Each structure stands twice: as C-alpha cells, then as structure tokens.
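Structures follow.
What follows is chain A paired twice: with chain B in the first complex and chain C in the second.
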Partner chain A sequence: MWLKIRPYLLLMPAVGLTLLLFFGGLALGLLQSLGLFSISGGSSFTFEWYQTLLVDQAFWKSFWLSFYTAGISTLISAVLGILTALGLLRLSYKWQRMTQFALLVPHFIAGYVVILLFMQSGWVSRWLHAFGLIDSIEQFPILVNDPFGWGVILTYIWKETPFIALMVYPVLARIYQSWLEVAQTLGASRLSFFREIVLPLVLPAWLASALIVLAFTFSAFEVPYLLGVTFPETLSVFSYQTYLSGSLEERPLALAVNFLLAVATGFLGWIAYQWSKRWSVQGWKGW
Partner chain B sequence: MILRKIFTSVILSVLVALMAGCTSQGQDQEKSQPSEQTTPLEKSWEEISSTAKGKTVSLYMWGGSDSINRYIDEWVAPRLKEQSGVTLKRVPVNDTKDVINQLLTEKKAGKTNGSVDIIWLNGENFKIAKENQLLFGSIAPKLPNVQDYVAMGAPDLQYDFGIDTEGMEVPWGKAQYVFIYDSKHVAEPPKTIDELKDWIKQNPGKFTYPAPPDFTGSAFLRHVLFETSGGYEDFLKPFDQQIMDEKSQAAWAYLNEIKPDLWRKGETYPESLAKLDLLYSQGEVWMTMGYDAARASNEIKKGTFPESTRTFVLDKGTLANAHYLSISFNSAQPDAAMVAINYLLSPEAQIAKFDPRHWGEDMVLEPSKLSTEEQQQINSIDRGVATLPAEALAKHKIPEIHADYVDYLEKEWKTNVAKD
Partner chain C sequence: MKLSIIKFLVVLGILFFLAPLVLTSLSAGWRWPMLWPAEISWRSWEYLFSGQSQTGIAVFNSLLIACGVTIVNLGLAIPAAYGLIRFPLKGKLIVQIILFAPLVIPPFVSLMGIHFTFIRLGLTESLPGLILAHLTPTLPYMIWALLSSYRTVGPEWEEQARMLGANGLQRMIHVVIPFLLPGILAGSSLSILVSLSQYLITFLIGGGQVITLPILLFPFISGGDPALGAAYALLFIGMAFLALFILDCLLKWSYRRVN
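Right after this comes the complex of A and B.
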C-alpha cells in the first residue's frame, strides 16, 4: 500500500501547487466575472457581464476574427509541419537540431521580426524597391496590421510549423524505421506506403498537435496585439484592453471574456483527448 | 479505484491546507501591518539611512526609453550604491497599470512582502493607487531633498491630474507634450489643431496617433477636445457626464474627419508610441509626439530619428504635468526605498537627468534653491537642436484635467472613432 501511494505523495507538492494556482486563478476569475468579490468593492451574483458580451456585436466580431485567424494558421502550419517532418527524415541529425531553434524564439519577438520585415517601410519592401521591382514602397502590399490578419497568420505559421514538425517527427521516424522495408517487400510504392500506412499511424499525433496549436492561437495575446488592427481586435486583445482601460468597474467583463476563452481552450483539449483515446482503443497501440 | 480515491482526498486536503495557510497568513499580516507600516515614517532620517544600508530595492518603471533606462542603470544605480549602500534594481514594465494591477491583487490576497518597492506613476494610476490604499504613506515630509529643494505646495506639483498628492508620491520630473516633425517634409508646422487638420488633408497617410488607452494617444485626444470645445478651463471642474457628452461631440467629429487621411486611412492605429516612433523613423509618417520635450534631440543623437527632426507646441498650449515616485503599501524595504527616492531628487541626480546626454528632462527642483555653481552648471547644458527653448515651452503649458475625463475619452474613443 505504502509503496503504491508513495509516488503520488512525492508528486503532491508540485501537483498541488499547480492545481491551486491554475484552478484557483480560474475559479477566482469566474467568480469575479459573475460579479462576486469585485475588486471595485461590492459582491453580488449576476450574469449581467456575460449578457452584455453575448449581445455585443463587437464581441462576435472579435470571436470570428480570433477563430478564423487561429483556424487558417493551424491548417497551414499542420500541412507545412508534416512536410517539414518528412523532409527532416532525410536530413542529418545536425540539421534536425537546427529546426528546434525556431522553437526558442518567443512569440512576441517573432511578431516583431515579421513587422520589421513586412511593414510597408520594412526590409522586404526596401529590398524590392532597391532592386527596382516596385516603384515606391507604398506599392508593397499591406501585410502587417492589416484588417484581415495576414500578419498574425504569417507569424503563427512560422512559429507553429516547427512545433508540429517536431511533434510528429518521432512518430514518423519510427514508422519509417519499422514499416518501410516490410511494405516495400510486399510491393508498396512510396506514395501508397504514405497513404495506407504512414497517414493513419501519424494521424493521432498530428491531430493532437494541431489542436494544441488551434487552442493556443485562438487565445494567445501578444501576436495579435502587435500585428492586429485597432478594431476589430481578437478576444485576447479585447480582454486586455478592457482589463487595462481606466475604471475598475469593467473588470468583470474582461474576466468574462477570459473565462469564455478558457472554456473554448478546454473544449478543444477535451476533443484532442477523446480523439487520442479513440485511436489507442482501436488497437494502434502495439505498432 | 481505492488508490484514486486516496489520491483525490489527499490532493483535496493539501489544497484546503494550502488555502487555509494563505488566509490565516493574510489575517496575521493585516493585523501586524499598521505597526510595521508606520515605523519607517516615524523614524529619523539617520535611522532610515542606516537601516537602508546593504538593502536592494526594485524600481518598477515604464521601460520604453533607452536613454531613461541607461540613466537609471548606468548613472544613478552605481552612485546610489556607493553613497548609501542601497542597490537599485530597475524592473521595466510596458504600462504602469500592470504594476497597479499587481498591487491590487496583492492587496486582495493580503500579501505583505511585495516585490514592488518604488513605482513611477502619475494621473489615473495614482488615482487608483490612492483610492485603493496601494501606497505606503506620506513620504514627502520625510525626505531631506524634497524639503530642501522642491516646492511641494506649488499647484502643478501638489495636484496630480487634479488629485491631491498628500505627500504620498514625490515629484520626480516635469514633462510637456510636444509634437515631433520632420522639417524636410513639413516646412511650416501647424500652430493649432485646426491647422493640423489642414496639414493632414494635404498630406494624406502621413499622420496618425497611438490608439488610446495608450498614454500618448490619450493625451492627443485631450488636445483635440480642448481646441474643439473652446479651451481646457471647462474641464478643470468636477466631471459631469451630460456636459461631457455634449462637449465631446466636436472632438469625435474632428477625429472622424481626419480619419480617412490618416496613416492606413485610419483602418488601424499604432498600438503604442513605440510603434508610432518606428513608423516615423522609417519615414512612413512625418510626425510623432510625446510627453518629453528633449526626446527628439536624443533620438537624433542615437540615429533613430532623421537629422531634420524638430518639435513644435500649439499656440494655445500643450499639456504639461509632473510625474512622481512612490512606495508600494507592501514594500519589503521601505527604508531603502526612501533613501533611493531621496537620491533621485538630489541636485546632482536631477541635473544629470536634465542633461540630454542622459535623459534631458525638466528638473523638479526649484532652481533658485540651488547653489550658484549648480545654477551655472544648468545654464551651460546644451539641450539639443530639436528641443524648444525653456521659455517657449513654459509659455505654452496647459494643465492636466481630472482623471475621470481621461477615462471617459479613452472609452468613448473606441465607440465613436475606432469602430466607425
């Protein structure tokens, strides 16, 4: 008995602290978004702030913006990520290490680099001008702080592609090591090997990492803050601005947005978990 | 199954224990707080200085200016360390509101041993801090340099955006809003907000302002408000929502009128002054602005702004205010914090701050109270090619208005201008 619970007891301080800080913060945010323990004084239960949000058109615009920038970024990064991972299989170990460097760059630095490169007076635009490809820098397309969000998407693609690549790479490496020769002796072409064997086996890891990216890009703050437009802003920026602006009375509104973001993220995490469970139950475990 | 039950119950009990620990700790601290808090304010300056020796204090301040950061790190910190044994650690923040938020949370949680010792603040942030008792207390009467050199009773120092400081914060410097322009493209800078509008229309895409609630963008709104509604005087009275709704109409009309001719047709605004400066230094826009009369000269020297950069003020005046240093309610080292603030207000530190090689900002000390040597030293400082002469600035100063107006403008700007 003692031996059995020992590992749990040893984990307790770390797990307990994480749970306390994470769920404690979440719970406090939820309570305050419901008007309880208000920081500006007073405490009364109300759904008022959620109501305000859900009938506000600006909120839905922000929601839609967050959703489609996250969706497009995830789709493109997922495709590029698996292609990169396939490419990595053919490269030496040294090169594989190189791609990990991309992961070390914090998101806001990546965002700033994209601004410096792609703003209308940025490096790319000036190079094009210097080589005579455009007559003036104003002709360079508006890629950052653009209403659609291309700047945000671009930044996420270059940050998340290596992440997905590194998540699926070990799986791919194992598949190729253990199945490629077998498949080839049985007459599979490289393409049919990829379609019939690689794709089904890599799918759980691939989908799970894509969902992580989706959940992250949907709720992350710094990139849309630096590269977005003033209005509409993503939900995270909307929440930040509300939290910071002037009076304390509107703070529950910001926390309500945060809680909805947390729910959305949790939901995506739950789907990812369900998927991975379904795959493992279907007997892919043993390969 | 049993294991899982045990696991859950143990986790729960640990959680409960931790929470209980937090609350009881909080209560203890609340009880002991008053006595702890008042001690440094009751001590003599000698006692304070001797307690301060060997301590480290943190200074939480807006970190967006290299020259200011260098002044603190390279000029102040080593001298303070040498003279009084206090180590000053600068902690950069993007917005002072972040610090206020942190303190609000710490206050709620009953945390007494805070990491924030000194805060650089004014206006709205001081209002929130004062209302929520986030500050240590009336420190000004304790500091020798404040008593010797600062005219604390002067209205521009005693009232911070219309709020009585009550000595809870100590003035550190004065700032005046100036517009910065590139004289290569702007032959004759506008003198009024109306002339600015004409200029914007003639030069589409070459002007913008930071999106409020950015500090600088918010101040730009106030200049527009004053000049479109007939002067700042009306806004020194207590806030009245109805009057404000009427008076602000002309300002929103103005801002929407210039919008199509702004940078990127007003579809978006720079989210910070740093971004506007970047646009200016790259030549995308031809004007920037800010609360620092000497900043343009400094940026020229660093090579970020073009040599042809100059500054202008409006005929009817630009906003001027003082900014302050204060100590947080839960500072772990209040004695050392007081010693550090006192040093920042010493003639040598203030004169160095006035010198554009370090920062170039207005002093907060009364020049008449300084020695003749020090006065000569001040007169010999060259404030840089783009800095307006002191008299020109002084003649065009207008006071800040009550923080409630600032809140109102920032919020309404989003509805009336950004969303349209």
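Right after this comes the complex of A and C.
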C-alpha cells in the first residue's frame, strides 16, 4: 500500500502547485473571458468577447503579424541552428561553452542590442558609411520599430539559432561518433553522409526544437513590445495593451486572446512532444 | 570549413554583441556617422553606482527572488523527479504534460488569469507573491535537469546501501544526493537565470512597486536614456554571468568529489 501511493505523494507538491498556479490561472482566465467572475461586477456566460475578436480586423492583423514573424524567425533559425551545431562538432568543449553565452542573455537585452546595431543611426549603418556604401542616414533601411517586424525577426534569429543548435547538438554528436567512419569506409562523401544518414536521424529532434521555438516566438511579449510598432502589434502585445491600458470592462478581451494563445502554443508543444518521443523510443535503439 | 574560421566567427559574434553596449554606455552625444564616440563619458556608470539610482535594491531583490524560487523549486523537484523515475506510475504521461506545460504555454497567459486572485489574497507588490509567480516558468527546468541526473543513479546503489543497513534518510544523504549534485546545480543555474530574466510577470505581479533589475532596466531600453540602458544591460549580463560562474565552479568541484 505504502509503496503504491509513495510516488504519488512524492509528485503531489510539484504537480499540485503547477495545477493550482498554472492551470488554475489558465482556467480562471478562460472563465473570465467567457464573462464569468467579472472584475467589473456581474457574471453571465457569454461568447461575446470571442465574437468581438473574430470580427475585429485589428485582431486578424495581429494574428497574421505574430504568425509570420514567428514563422520566418523559426525557419531561418532552424537552418542556421543546424549549421551552427555542425560547426560546434569541431570545436573543443571550451569553445562550445562560449557559444552558450547567447543563452545567458535575456531576450529583451538581445532586442536592445539589435536596436543599437540596426536602427538607422546604429552601428551597422555607421560601418556601411565608413566603407562608403551609404552616404546619408536615410539610405539605411528602417529595420527597427518597422511595421513589417524585421527587428523582431532579427532578434529572434540570433536568440533561437543557438537554442536549436544546442538542442540538436547531442544527437548530431552521437550520429557522427557512431556512423561517420562506417559511412566513409563504405565510400560515402561528407555531403551524402549528411543527406542519407544524418538528416533522417536528426530530423525528429530538429523539428521538435523548431516547434518549441515557433510556439515561443508566436506568443512571446518582450521583443515585439520593444522592437515593434503600435499598429499592427503582435497578439501578446495586443493582449498586454488591452489588459493594462484598457478599461476593466475590456479585460475579458485580453483574456480571450490569451486563451487562444494558450491553445495554439499547447497544440504546437503537443506535436513537438510526439515527435521527440518517437525519436527517443525508436531512434536510440538501433544505434 | 576551417576550424580557425569557426573560432573567428564565434569571437566576432560575441564582440559584435558586446561592442555596441560598451560604446553606448560610455558615449555622450555620439553622432552619426562616427564609428566611435568622440569622447568617453562615465556619466551612466557613475549614475548606476550612485545613491540616487535604485541599482542596489534592484540587484538585491532580483537575487533574493531568484534564490527563493530556486530553493522552493529544489524542494518540489527533488521528490517529484524521484517519483517520476523510480516508480511505475499510472498516468505518467499526464503528470509529465502537467509539469512541462509551462515550457510551451507562456506563463504570462496564466498569470493574467490569476492576477485578480493574487490581488485579493494580497500577494501582489510583495516578494512572496513574486516568488510564487516565478515558480511557474522555472520549475519545469529544475525537474528536467534533475530527471537527467537521476538517470545516472542506478537503483542498485540504493539497494546496496539498504543491504548494508542504511535507513531512508542516510541513503538519501550519502547515496542519492552526491549523485544528484550535478543535476541540482545545473537545475539551479537554469532556475536562477530564468528568474532573473523575467520582466512581464514581475511587472504584472509586482505592479512596478518591487524593483528588480529588469523592471529598472526596461524603461531605459524602451526609448529612455540609451547610455543608461546599455550600462544596465551590461550590469545584468555581468550579474548573470557571475551567478552561473559560481554555480559552474561548484559543479566542477562536485564532479571531482563524486569521482
């Protein structure tokens, strides 16, 4: 009896706290977005706030902005990430540690450095002038606080590339360690080795880490808040502005956006989990 | 690609990242298109370390919250990871989903939902409230680090100790914890780092009343004084680096002890 309930007792504090704090918060947010437990008084079940959102042009603009900035950043970081990991394979442990520097820096500081580098009067434009490539400050494109979101994308690329690299690195290292010599003895070139052996084996881990990045960049707040414009704004900034700057009556609207964000990121996380599971169960056995 | 080229790129990347921060923090009226500031000004650093700035209290609060969060996380995660790895468990998948969900669903989403309850319970604008708020984004990292560490402690070692007559507590102290130390330190590093970097949830729950380093820094980098923003950013990086360096030294020391 004791042995049976022991693991549940051991897990109870952590699971209980997560249920209470995290899932409790999600549930309370959902209920409030449905018009219940309203802060401004009154409590009646309604889909009104979701209806308001779905017909609101601004909401769809925000959705689209969040979606493509996250999508572009993820695609580019995924490609750069695996290239970085391939480069890391050749470096000693000490050098690998240095690349972890990028993980140490929080997103808002990375965003600030992108501002200092890429604003029109930034360091990059000064260097271009020094090399005679531009003559005036206006010739440098507006990349920061621009309506398209280039600054946001740039920040995410440089923050997420090392993340993906460090996620796929252990798998890559293992593949190269166990298969490179065999493949070379059998006459495979480095490129065909990569295409035929490495890519299929690394794919699940690679896609899973890319999905985690997609979920994060789709919903994160600090970077688009710092490097974006007032309109259009990403869903996270939309939610933040509605929650804090709007009236108390409008808060359910922010919580409705939040619930949609939770569903979208939860879904992406679920697929990532499925992929990484397939990789850890089947993938490791053969080698 | 040549090895030296890869190394060159790594160094260039770090320099290209730090240089604008250092230069901006030392600049005064740095006009375009000058590559370097015409004169060095220590104004921002003097302000940062002066009594009028709130640097001291911000650093203190940030570290206090990060350490508090990490201690609570250890208390929660050490038994939880043990339960997950050592016992056959019904609903293991559900437990894992619950514990790791905050890694993908952004914690601010849940925190906005529970915000009003925090106000009612008097948890906003207080350090305990902030420690609670920082638990959600950090706990999954701690559990993850401890899980990988528990995998290195085979149950045989505990069996052995039991046969030799060690009771539960003795087995924990003399067998499990030494093996677990690397995981404890790695998890603590992640927990501290993630807690130090929180802006939005600190702002929501702290209401701007509890000053942490990100709270102090944010107005400067979102259109405030660029020199001060850069100086605070460097201070933040330095603090995070130092915290991780100390934990890393402890980690090496613990490896040596285990081996």
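Observations
Convention: the second predicted complex is superposed on the first by the 264 of 287 C-alpha atoms of A that agree within 3 Å, B and C clash if a C-alpha of one lies under 4 Å from a C-alpha of the other, contacts with A are read in each partner's own complex, and residues count from 1 in each chain.
The criterion applied here is as follows: contacts are C-beta pairs under 8 Å (C-beta built on N, C-alpha and C of every residue); 3 or more make two chains touch, one makes a residue touch a chain.
Since the structure is predicted, the reported quantities are computational estimates derived from the model, not experimental observations.
In this superposed model built on chain A, chain B and chain C take up the same space, so to speak, and clash.
Of the two partner chains, neither chain B nor chain C is touched by A:Q184. By the touch criterion stated above, A:S192 is placed in contact with neither chain B nor chain C. Contacts of A:S121 after superposition on the shared chain: both chain B and chain C are touched. Once chain A of one complex is fitted onto chain A of the other, the partner contacts of A:L19 extend to both chain B and chain C.
Within the superposed three-chain model, A:S245 lies in touch with chain B and out of touch with chain C [touch as defined at top].
Looking at the shared chain after the overlay, A:L226 reaches both chain B and chain C. Applying the stated contact rule after C-alpha superposition, one finds that A:N258 touches chain C and leaves chain B untouched.
When the two complexes are overlaid, the chain among chain B and chain C that reaches more residues of chain A is C. With both structures placed on the common chain, the touch criterion links A:I142 to chain B but leaves chain C unconnected.
When the two complexes are overlaid on their common chain A, residue A:A130 makes contact with chain C while staying clear of chain B. After superposition on chain A, the stretch of chain C that runs into chain B among 5-13, 59-67, 77-85 or 113-121 is 113-121. The intersection of chain A residues touching chain B with those touching chain C, taken from the two complexes, comprises 8-9, 13, 15, 17, 19, 24, 37, 39, 115, 121-122, 225-226, 243. Residues 1, 3, 6-7, 9-10, 13-14, 16-17, 19-21, 23-24, 32-35, 75-77, 79-80, 82-84, 86-87, 89, 95, 97-114, 116-117, 132, 135-136, 139, 143, 193, 196-197, 199-200, 214, 217-218, 221-222, 226, 229-230, 233, 236-237, 240-241, 244 of chain C are the ones touching chain A in the complex. On the side of chain A, the complex with chain C involves touching residues 3, 6-11, 13-15, 17-19, 21-30, 32, 37, 39, 87, 90-91, 95, 98-99, 101-102, 104-109, 111-113, 115-117, 121-123, 125-127, 129-130, 137, 212, 215-216, 219-222, 225-226, 236, 239-240, 243, 254-255, 258-259, 261-262, 265-266, 268-269, 272-273. Here chain B touches chain A in the complex through residues 3, 6-7, 10-11, 14-15, 18-19, 95, 97-98, 101, 104, 108, 124, 128, 211, 213, 264, 267-269, 271, 278-279, 282-284, 406-407, 410-411, 414, 418-419, going by the rule given at the top. Chain A makes touch with chain B in their complex at residues 4-5, 8-9, 12-13, 15-17, 19-20, 24, 37, 39, 58, 115, 119-122, 142, 145-147, 225-226, 228-231, 241, 243-248.
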